[in-house]
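As structure tokens, here come the structures.
Both complexes below contain subunit A, partnered by subunit B and then by subunit C.
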Partner chain A sequence: MLAEIGLAALALAFLLTIYATFASLAGARAHAARWRESGRRAALLTFPALLLAAGMLIIALMTEQYQLTYVYEVTDPRTPPFYRFTALWGSQRGSLLFWSLLLSAFTFGAISLNWRSERRLMPYAIACMMATLAFFLGMSLILENPFERWWISADGQAVARALIPAGATAPTEASLRAGAEGLNPLLRHFGMAIHPPMLYLGFVGFTIPFAFALAALASGDLSSGWLRVTRRWSLIAWIFLSIGLILGGRWAYDVLGWGGYWGWDPVENAAFLPWLMGTAFIHSAMIQEKRGMLKLWNMFLVIATFSAVMFGAFATRSGVIDSVHSFARSEVGFPMLAFWAAMTLIALGALLWRWNRGELRDEQQFANFLSRESMFVLNNVVFVALFIAIFWGSFALPIASELFLGKEVTIGPETFEFYVVPLFIAMYILMGVAPLSAWGRMSAARLGGALKLPLMLSLLSIAALILIGTNAAVASFGYGVVLFAGFVALYEIYRGAGARRRSLGESPLRALAALFGRNQRRYGGYIVHLGVTVIGIGVIGSTVFQTEVQHTLARGETVAVGAYALRYDEFTRAQAVDGRMMSISDVTVLRDGAEIARIRPRVDEFPQMPMTIAGAHSTLENDFYVLLISGGRERATFRIYINPLVNLVWWGGILLIIGTAIAAYPKVLPERPQRKREAS
Partner chain B sequence: MADVNWEKPKNPEKPKRRERLKFISAGVVILVSVLYLLVSGTLQGARYFITVADLLEDPSYLERTVRISGAVIGESIDYDSEQAIIRFEIVNIPSQYDDLASALHQAVQDPLAARLQVLVEDAAIPDLLQHEAQAILTGALQRDGVFQATELLLKCPSRFEESTAPEGLSQIPEHL
Partner chain C sequence: MRCQALHHSDQPLPEAAGQKRTALSEYLEQIVFPAERGNPAPTSPFASWKITWPKTARLLILCLALGWTAMLARAQGVEVTDNDVIQVAERMYCPVCENIPLDECQTTACQDWKEEIRAQLAAGRGPQEVIDSFVARFGDHVVGLPQDPLLRALAFIAPLLATATALGLGVITFRRFSRRPALSPNFGDAAGEQTDEVYRQRLEEDLRARR
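What follows is the complex of A and B.
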């Protein structure tokens, strides 16, 4: 019954999307309020319909309905309830349904928040959102149905069908339970419970800005409305995508056991590409708001971000690219490619049409090379160059070489690093210079004056690093550049709060709070810059100074590793509640002869594969990260990593998210500053 | 929602010739730098992604860095934990296939498929290194016939894999 209800809800949602698309378009073209309203209601209804469909699948997962092939594939009788729930996005079909559910939720939110304020844009935006949702639901219904069930056909063969075939019967529960495959052990990690939903929220979220951009192009309403609403939704999508990327790194660090968090794998890169384009847009949108410039470019960036999301979905779900993440060659590949190409071409066509009609002309021109708008353009160039380099290495080069040379050519992580390190250096320098520049005009002397203090602090930091014995020149230079961006952000916050203190006589804390309250976007942005600075420090520390050794120790034996020592204490075998056997080693971490931590690196034996679970002693200074390679009661082999400053990557990520939340938080009351004179 | 300062142009300013020159020069410098990065990086780091059969048939690949893919033979896996050296064998899988799991299964069953010995130094043994896993290796074939890998990637078992018909259900119709 669950499957029937789920299937019916899915089909209903699909019909609603088709209706909403046409009703909204008809309402917009014919200026018919009734059709527009009808389209809006149909679009709103897709959310409860999909909530019902996803709810049925979750109930099926939780209550072990193994006749559903999806439940059979991703769970087994030993799967704990928590992972039964997260199995909703544990494989292709569930994740497609989950994607659709999130898109309908975003659509619901966009309609609820923007229907009144953006009346002219909304019907077109709804049509675009619904067309996208219709595509995903169509794939779920036709190619990747999550409500498909096992049947035994009349000739005794097991077949998977959504509806019962003629003469078929249902298999017994016992035989289904015995064969159920269980969730991939790599996905049994808390990070995987949050990482995919966050990533999907980011991907799906970028559909809303795209829909508003397309609506502006279709309706011809290219005033500030579309940009205002698009920028806010972009920030929301950007927060989720950032959280998803950071959690993905954390999951790789904890689970994959190689002491790293980013491997330049095509699947990772596919998620990073829309983030780069989205970041470029968030910056360049400010130029359009402040100066009426870059109208064409901003529209292009919104389209490119959505296009990157759809291309990433195609590349990672179709199996066209070899990745360490496993993706079977699935039938969704061609439809996804076709949809990506169609949406991108339609949007670019509409953009060129409006541009050709002169409706996207800038209101001002770049008059000064050192102005803030010029710096923002340079910042955009860096993000686009990063996008091109990563897209080239991940997708364009392998696909083009296969097509034109008949042999696939690939590049490795070291080449990606060769591409991106100079571009990241340029990004950090611009993060430092741009905030100190002024809109419109800026002289070299004034900019030089403003840069003096942060530059001096950066040079002092480099000198201090050399003095304390940092012998890697590259790292010292890198720290200097990264810190420069951070010092500028701190300097700007300090200057802003100082100005309020002097002119309004506020206390330091009140001045700081008022500063952020009055200009959330600017100062929230500086917190984001600080977060990116902290991430940069963590990345340099953990890549340049990483220590990696392997030792076999007798029980009770100690080995020195850097400033630490490791003692192998005990080895035990135990069984977890879900039945898996665990080989657990107890080790003690020592520093200067004193015990500082006891950790338990272990190996879990799942039916499909073993899973090495690292033990780590984490501090802000570094991670002492230990893997149990092989073990017995008397001797065990450990691989030991010391990852300096790696935790700053996660803390920087948190800072980045806090900053973005400040920047995106809706402003309720515009505060009127009280002059000190008036107060007294 | 944030308030927007939509400033209509009062006196649209045209950039002076000197400023325009600066923009053009900066654009050219950036374009050339990015092109240089892409071209030089690709020329240095590019390597063919070939099959085991291609590698063994063409002597020009000897001692050249390439990327290969093959199916792991489980019983050949040997890990020296003292020296941190992994040794195992892979067999050829075709460059084109419909279903990876079937391609890997057929490859390890085929006694005539091209086989290659692999050596990976200073590495922890990956959890996914098991029978019928797909190994993607970067390294070079040495004169002794062993492929010395500097990078070993293994495909996760089927996160998005299509469901296959469970044998148990079709074989026990009397249970229905």
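What follows is the complex of A and C.
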């Protein structure tokens, strides 16, 4: 019964999306309010319909309905309830349904919040959102149906069908339970509860800005309205994508067992590409808002961000690239490629048409090279260059090489680092210089004067680092550049709060609170910059100064690694509640002869693969990270990493999220009454 | 960068290097610098012949001795540590699971490859020689940096060219826009309002044209 209800809800949602698309388009073209309203209601209804469908699948997962092939493939009788729930997005079919559910939720939110304020754009935006949703639901219904069930056909063969074939019977419960496969071991981690949903929220969220951009192009309403709406929705999508990327790094660090958090894997890169484009848009949208410039470019960035999301979905789900993050090879590849190409071409065609009509002409000209808008344009160049280099190495070159030269290639970290290191240096320098520049005109003398203090502090920091014994010149320079961006953010906050204290006589804390309250976007942005600074320090420390060694130790033997020592104490074999066997080693971490921690690196043996689970002793200074490579009771081989400052990567990520939340949070107080109060 | 604490595997191990240096330097001193320079009498079998060797003959013997030492080292094998293997493996990729570095992969195929790396290093091959041998047999996809000169050039130069082209197109576009008269000559922070005004004007023009 669950499967029937789920399937009916899925089909209903699909029909609603088709209807909403055409009704909204008809209403917009014919200026028919009834059609527009009907399209809106149909679009709103897709959310409860998909909530019902997803609810049915969750109930099936939780109550072990193994006749559903999806439940059979991603769980088994030993799967704990927590992983039964997260299995909703653990494989292709469930995750497509989950993607659709999130898209319908975003559409519901966008319609509820923007229907009144953006009446001219909304029908076109709804049509775009519904067309995208219709595509994903169509794939769920036709190619990757999560409500497909096992049947025993009349000739005794096991077949998977959504509807019962003629003469078929249901298999026995016992045979289904015995054969259930269970969740991919890589996905049995607490991060699975948060990382994929956050990433999907980011990906799906970028559909809304794209829909509004396309609506503006289709309707010809290229006023500031679409940008205002788009920027806020972009920030919401960006914050989720950022959280998803940070959690993905943490998941890799904990589960993949290689002592790092970013491996330049193609699927990691596929998630990073829309983030780069989205970041470029968030910055350049400010130029259009403040100066009425870069209208064409902003439209292009919104389209490129959505296009990157769709390409990423295609790359991850089609099987065109293999990765620990990708889904198995599937039939959705070609439809996804076609949809990606069609949406991108339609949007670019509309953009060029409007551009050719002169409707995206800038209202101002670039005043000089040192102006803030010029700095933002350079910032965009850096992000686009990063996008090109990463896209080339991850997808374009491997695919082109295989197609035209018949050679498979793998592009590893050493190739990516060749580009991204100088580009990130440029990004940090611009992060430092741009906030101190002014809109319109800026003289070199004025900019130089503003830069003096942060630059001096950065140079002093480099000198201090050298004095305390940082012997790697590259690292000292890197720290200096990254700190420069951080000092500018702090300096700007200090200057703002100081100005309020002087003019209004406020206490430091009140001045700071009022500063953030009055200009959330600006100062929230500085917190984001501080977060990126902290991440930068963590990345430099954990890559340049990482120590990696492998040692085989007898029980009771100790080995020195850097300032630490590791003693191998004990070895245990145990079985977990879900049936996996675990080889657990007990080791003691020592520093200056004193025991500071006992950790238990282990290997989990799943039928599909072994999983190396690290044991780590974490401090703000570094992580002492140990992997059990092989061994037994008498001797064991360990790979030991010392990852200096790695925890700053996570702390910086938290700061970045706080900053974005401040910037995106709707203003509580209207501007005018506050001004009046302050004046009085 | 990732393995700063590791010694480079084509360098001899510290203790082995020390032993080699001692034996060789003693022999050198005995042959090249005879007793008149303050060294003890040569202890090599040639010393008992009591023949004054010309310089060329001494050099010949030196070369033979070096060759002999190298052959012995190669035949007996060099001690290879896990760290030496990791250092090579982390530059390579799993042959079965695409895009998984070899040193991190736990599959049987990867274990076999790591053992082969160990064997090749023990036979006296350098890290690059080992990698080259895998590339020659399995192709460029086993390493993170293509060894084929064309692919390597494409990996490094193409993004630079693409970025330069994008930058160039951007500059040309900005110049074209800069030459056009701006819609509004005013500078200010109310660009949004100006944009709305422009839009309203255009809307009114469209409506007038329709009438």
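As a convention for this text, the second predicted complex is superposed on the first by the 660 of 680 C-alpha atoms of A that agree within 3 Å, B and C clash if a C-alpha of one lies under 4 Å from a C-alpha of the other, contacts with A are read in each partner's own complex, and residues count from 1 in each chain.
Rule of thumb we're sticking to: a contact is a pair of C-beta atoms (placed from the backbone, for glycine too) under 8 Å apart; a residue touches a chain by one contact, two chains touch by 3 or more.
All of these numbers come straight from a predicted model, not from anything done at the bench.
Enquirer: Please determine, from the superposition on subunit A, whether subunit B and subunit C clash or fit.
Expert: Overlaying the two complexes on subunit A (C-alpha atoms) leaves subunit C and subunit B clashing.
Enquirer: Under the stated touch criterion, which partner chain does A:361 make contact with: subunit B (first), subunit C (second), both, or neither?
Expert: second
Enquirer: State whether A:335 touches subunit B only (first), subunit C only (second), both chains, or neither.
Expert: In the superposed model, A:335 contacts neither subunit B nor subunit C.
Enquirer: For A:544, is the partner it touches subunit B (first), subunit C (second), both, or none of the two (neither)?
Expert: second
Enquirer: Using the superposition described at the top, determine whether subunit B or subunit C touches more residues of subunit A.
Expert: Between subunit B and subunit C, B touches the greater number of residues in subunit A.
Enquirer: Give one of first, second, both or neither to describe whether A:562 is in contact with subunit B, with subunit C, with both, or with none.
Expert: In the superposed model, A:562 contacts subunit C only, not subunit B.
Enquirer: Does subunit B (first) or subunit C (second) touch A:505, or do both, or does neither?
Expert: neither
Enquirer: Can A:55 be said to touch subunit B (first), subunit C (second), both, or neither?
Expert: After superposition on chain A, A:55 lies in contact with neither partner.
Enquirer: Counting only touches as set out at the top, which of subunit B and subunit C does A:521 meet: first, second, both, neither?
Expert: First partner only.
Enquirer: Go through the superposed model and pick first if A:407 touches only subunit B, second if only subunit C, both, or neither.
Expert: A:407 sits against subunit B and subunit C alike.
Enquirer: Between subunit B and subunit C, whom does A:388 touch in the aligned arrangement: first, second, both, or neither?
Expert: Once the two structures are laid over each other on A, A:388 reaches both partners.
Enquirer: Do any residues of subunit A touch both subunit B and subunit C, and if so, which are they?
Expert: Residues 223-224, 227-228, 257-258, 289-292, 322-324, 363-367, 381, 385, 388-389, 392-393, 397, 407-412, 414-415, 418-419, 550, 552, 609-610, 612, 637, 639 of subunit A touch both subunit B and subunit C.
Enquirer: Would you tell me which residues of subunit C are touching subunit A in their complex?
Expert: Contact set of subunit C toward subunit A: 1-6, 81-83, 86, 91, 93, 97-101, 103-104, 106-107, 139-146, 148, 150-151, 154-156, 158-159, 162-163, 166-167, 170, 173-174, 177-178, 180, 182-184, 187, 189, 191-196, 198-200, 202, 206.
Enquirer: Okay, in this complex, where on subunit A does subunit C touch?
Expert: The touching residues are 220-225, 227-228, 256-260, 263, 265-266, 288-293, 296, 321-324, 359, 361-367, 377, 381, 384-385, 388-389, 392-393, 396-397, 401, 405, 407-415, 418-419, 439-440, 543-552, 561-562, 609-610, 612, 637, 639.
Enquirer: So in the complex, which bits of subunit B are touching subunit A?
Expert: Where subunit B meets subunit A, its residues are 1-9, 12-16, 19, 22-23, 26, 30, 33-34, 37-38, 40-42, 44-50, 67, 69, 79, 81-82, 84, 95, 97-101, 122, 124-128, 130, 136, 138, 151, 153-163, 165-170, 172-173, 175-176.
Enquirer: Which stretch or stretches of subunit A touch subunit B in the complex?
Expert: 69-70, 72-73, 90-92, 95, 117, 150, 152, 156-160, 169-172, 174-176, 178-179, 184, 186-187, 223-224, 227-229, 231-232, 257-258, 289-292, 317, 319, 322-330, 363-369, 374, 378, 381, 385, 388-389, 392-393, 397-398, 407-412, 414-415, 418-419, 422-423, 520-521, 550, 552, 608-612, 627, 629-630, 637, 639, 666-667, 670
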